[in-house]
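Given below, in the form of structure tokens, are the structures.
Look for subunit A in each of the two complexes below; its partner is subunit B in the first and subunit C in the second.
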Partner chain A sequence: MLRRIAAWIDERAKVGDLYREQMIEYKVPKNLTFPYVFGVLALITFALQIVSGIILIMYYKPVIAHAFDSTNYTIMREIDFGWLFRHIHAAGANFFLAIVYLHMFTGIYYNAYKKPRELVWIVGWVIYFTLLVTALTGYLLPWGQLSYWGTVVTTEIPASLADAPVLKGIFGAIGETISIWMKGGYKLEDLALGRFFGLHVVFLPLILLGLVAIHLFLVRAAGISNPEGYEIDKKNEPEKLVPFHPYVTLKEGAIAMWYLALFFFFVFFYMSHFLPADNFEPADPLKTPPHIAPEWYLLGFYEVFRSIPSKFWGFVAFNLILLLLLLLPFLDFSPLRSARRRPLFFVMFLVFVISSMALTILGTMSPTPTNAKLGMFFTALVFLFFLSLPVISFVEWGWYKARGGQA
Partner chain B sequence: MEATRRDFLGFALGGMGVIGALGVLYPVIRTLAPSAASTTEAKVEIDVNKVPEMGLRVTSWKGKPLFVIKLPEGFEGKYSYDVKDTTNDAGKLNKDLFKGRNIFAVIGVCTHLGCIPLWKPEGDADLASPHLHCPCHGGIYTPWGDVVAGPPPRPLWVPPQRFEGNKLVVGEPGFVERLV
Partner chain C sequence: MSAAGLIKTVFFTLITVGFFFIIWVYNPFAHKEVYELPEEAARIVGDPKAALEGRELFKQSCSSCHSVRYDGVYLMSVEAKPEWQKILKTMGKPILETQDGKVKIKGYYLPRDVYEAVALQDLENLKASFGKVPPDLSTIYLARGPGYLYQFIMDPQKVLPGTSMPKLFFPEYDKEAPQKVAKIVAYLRSVSEPSPSEKAKRLVMGVATVGYFILMGFILWFYRKRVLEKMGIS
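And now, the complex of A and B:
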């Protein structure tokens, strides 16, 4: 009976054809390495965020009189397993960004942003940026001390435009306008909470869903990149390809299980980092908590911002890093691909990874003069990475031509 | 059919997936369960010393208005009612269910269409004796909730209740065993 129903549906919906085309006839390189799994893990985390978010939204109240209690009483105590979904959502946000960072580093390492995959990278960058905004808007919702003061600081950042060396008046007005429009007034109140809530639960997730769909479509359209950095000729080298199912599904499915085990270990046993104690105190606009720093996924940018003595140039610098990241496919125009075959690029990639990590670690430390100097140093190295790409590309074009156009 | 390594991997992974899906489904469904706050409403304690004679105290039980009524001694001999031939789920009149007790609780929701009856301890033009009068369609009940006149199809509902010292505990079986 079930078989007949399935056949009836398949005859009309052609699900079987779709499955065969997309899962079995879809071939991927045999030599995909472990880091290629991060895309799937990001997708899984996205699904977890949506499911847990739907549960939380049923009980959360986006009004400052009730936001804190609805989070910490209704969800954490009154609703069966409400705590579990809050833990999943809070840990999921951190895991999501961690996986996305790993995914991006993987893409940079294997040069997966190069032709014909520039759009994959650009859409991926927009996903990353949207994700940062989603994390930022979601951070305010529990209306604890950290939520409140974290958002106060964030909404003050555009105001650093007022420190511009020239056209102070215009820059200052732009900065203040951005800041006020983010908050809906001079203070963080119901209006701000309401719009952060609306953005976080409807607008941004919809955008993310759309972008993720486009991202996946583009990956399929351009074909997955290869760790060895050359495009496999699908007709002449079929031996270098395997069907997506069952080879990749089984392998990545198994890794996904390990990932979920790690994720739920944190959810059940180690949430203090994702839900810090300070945030279990209701927001008090007249008292700043003693320790306040952005979440770890913003610390790198934060360290760039604060180690540069001028607020204006700090603001420009971290926005420039974001912009350079977006322009990566055009900065790196070398005919060679994958850090495996590009020693110069590999060195600079290491510089970039180490600098990013160093900036993140410095972000957790107090801003002593030494730390500020170190921050400047690693900021310079990050810029050096981006600036080295066109130079390396020139050099590699030379090698490429010397070898008669052979990669 | 021979089972291959791949079959084993497939089943192992699929099995873990199914367990994971159930593990998600269970807490999702549990979040929809009635909250602890709402289940505490299933038991109400009333200090009967604070209810005046011929008085009616309104509280709530399982989200419905609960009438706690205290009648003076000898009330039954003083007034008589011409009750209709409808009985509660125990097949009795409420009055017989209470067995002459002068403190009891009934659910203050008219059995006709759900309005809340008014307590008229002095009676009114329709009926001189003390009674409950539903303002919506004119249902009239005795103080025990038996139907005297009007459209109600059955007496007022009576929740399980018992005495504990001077407290009337509604929601636990006692002189009324269950909701009738």
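And now, the complex of A and C:
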């Protein structure tokens, strides 16, 4: 009976054809490495965030008088399993950003942003940016001391434009306008909380959902890149390709299970980083806590900003890094791809990875003069990575031509 | 995999795991204040019975200045108001507690804005005397931890110089003082942390969930091996 219902539906909806086309006849390189799993893990984490978020929104109250209590009393103590969903959502936000960073570094390592995948990268960048804003808006909602002061600091950052060497008036006005626009006024109050809430629970997730759909469509349209750095010819070397299902689905499925095991280990047994102690104190606009720093996924940018002595240039520098990241497919115009076949690129990639990590860790430390110098040093290395790409590409074009146009 | 490939894999794995360990679990570079909790006090803080005594001690010594709204404990002067019981029952939500298998009402949870409107004058009086409203202590245990609380209540000035919170316990005159403070901390802990039976439940749930996913991973892995063998791909 069930089978007949399924057949009846399939005859009309053609789900079977879709499945065959998209899962079995869809071929991917056999030699995909472990880091290619990060895209799927990001997808899983996104689903976890949506499900846990839907539960949380049923009990959360976006007004100052109730925000803190609705999270820490209603959700954490009154509602059965409310704590579980809050833990999932808080740990999930951190895991999401972590996985997306790993996914981006994978893309950079294998040069997956190159033709024909420039759009995949660009849409990915927009996802990344939206994700940062989503995390930032969500962070305010519990209305604890960290939520409040973290957001105060972040919304003050555009005001550093007033430090401009020229046209102070205009830059200052722009900075202040952005800052007021982010806060919904001069002070962080109910208005800001309401805005952040609306953005975090409806607008940004919808945008993300749309962007992820486009991202996946584009990935399918271009096909997955080959870690070896050349496109596999479907006709001449079919032995290098395997059907997506079951070859990849089962492999990534197994890894996804282990990923969830790690994730739930944190959810049940180690939440002290994802729900930091300071945020269990209700927001107090009259009491500035001793150490305020953004969340770890912004610390790299924050360290760039604060280690440069001029606020204006600090602001320009971290925005420039974001922009250069977007322009990566065009900075790197070499005909060669994948760090496996590009020794120069491999070295610069190492420089980039280590500098990013160092900047993030420096961001957790107190701003001593030595740390500021180190921060400047690693900022310079990050810029060196981006600026080296056109040079490396130029050199590699030389090698490529010398070899008669072979990669 | 070639030797170079192996080295690269190991290297990238190590720096990634190391990085997240520093950022998420233990950061040796970040400065962190440590507040010591004497062994005897640590034992009392972990004892659920001490928490019950701590609640009474809290009501006696602290509730003239602090409330614990999540536990239905309010300022003494507010609780003395003639209309108070009526306000609790109309505007509040009961806080339930299971004792010997029976569900009991332990107190009432009153929304913050309602409470602050009713207690307006009392809070303003406190502010006039101490320069600030003494905070509600419902979540203070999570925010500060047992060591800080113990040291702070024993001697506020030593931990937070310039604070207007008075020293209330004097071991010079009262031999029981350290135990009493530890009992109060035990009480604050019981307000913030799940009960021992709830903790045990969560432990079982956690182990079962993590175990389930590890097992499912292996099942998929071996299933895949068999499927691929059948299909002739290795």
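In the analysis below, the second predicted complex is superposed on the first by the 407 of 407 C-alpha atoms of A that agree within 3 Å, B and C clash if a C-alpha of one lies under 4 Å from a C-alpha of the other, contacts with A are read in each partner's own complex, and residues count from 1 in each chain.
Just so it is clear, contacts are C-beta pairs under 8 Å (C-beta built on N, C-alpha and C of every residue); 3 or more make two chains touch, one makes a residue touch a chain.
Owing to the predicted nature of the structure, the values given are computational and were not obtained by experimental measurement.
**Q** Could you say whether A:Pro246 touches subunit B, subunit C, both of them, or neither, answering first, second, both or neither?
**A** Both partners, subunit B and subunit C.
**Q** Please tell me which partner, subunit B or subunit C, touches more residues of subunit A.
**A** Subunit A has more residues touched by C than by the other partner.
**Q** Determine, under the contact definition given at the top, whether A:Val353 touches first (subunit B), second (subunit C), both, or neither.
**A** The answer is second: A:Val353 touches subunit C but not subunit B.
**Q** By the touch definition at the top of the document, which applies to A:Met257: first (subunit B), second (subunit C), both, or neither?
**A** Both: A:Met257 reaches subunit B and subunit C.
**Q** Per the definitions at the top, what is the overlap between the subunit A residues touching subunit B and those touching subunit C?
**A** 246, 250, 253-254, 257, 260
**Q** Going by the contact rule set out above, which residues of subunit C touch subunit A in the complex?
**A** Subunit C residues touching subunit A: 9, 15-16, 19-20, 22-25, 27, 29-31, 69-70, 109, 111-113, 132, 135-136, 138-140, 142-145, 192, 194, 202-203, 205-206, 209-211, 213-214, 216-218, 220-221, 223-224, 227-228, 231, 233.
**Q** Going by the contact rule set out above, which residues of subunit A touch subunit B in the complex?
**A** 51, 55, 58, 78-82, 84-85, 246, 250, 253-254, 257, 260
**Q** Spell out the residues on subunit A that touch subunit C in their complex, using ranges where they run on.
**A** Residue list for subunit A touching subunit C: 30, 34, 65-66, 68-69, 72-73, 77, 83, 94, 98, 102, 242, 246-247, 250-251, 253-255, 257-258, 260-261, 264-265, 267-270, 273, 277-282, 286, 296, 353-354, 357, 360-361, 364-366.
**Q** Looking at the complex, which residues from subunit B come into contact with subunit A?
**A** 6, 9-10, 13, 16-17, 20, 24, 27-28, 30-31, 33, 35-37
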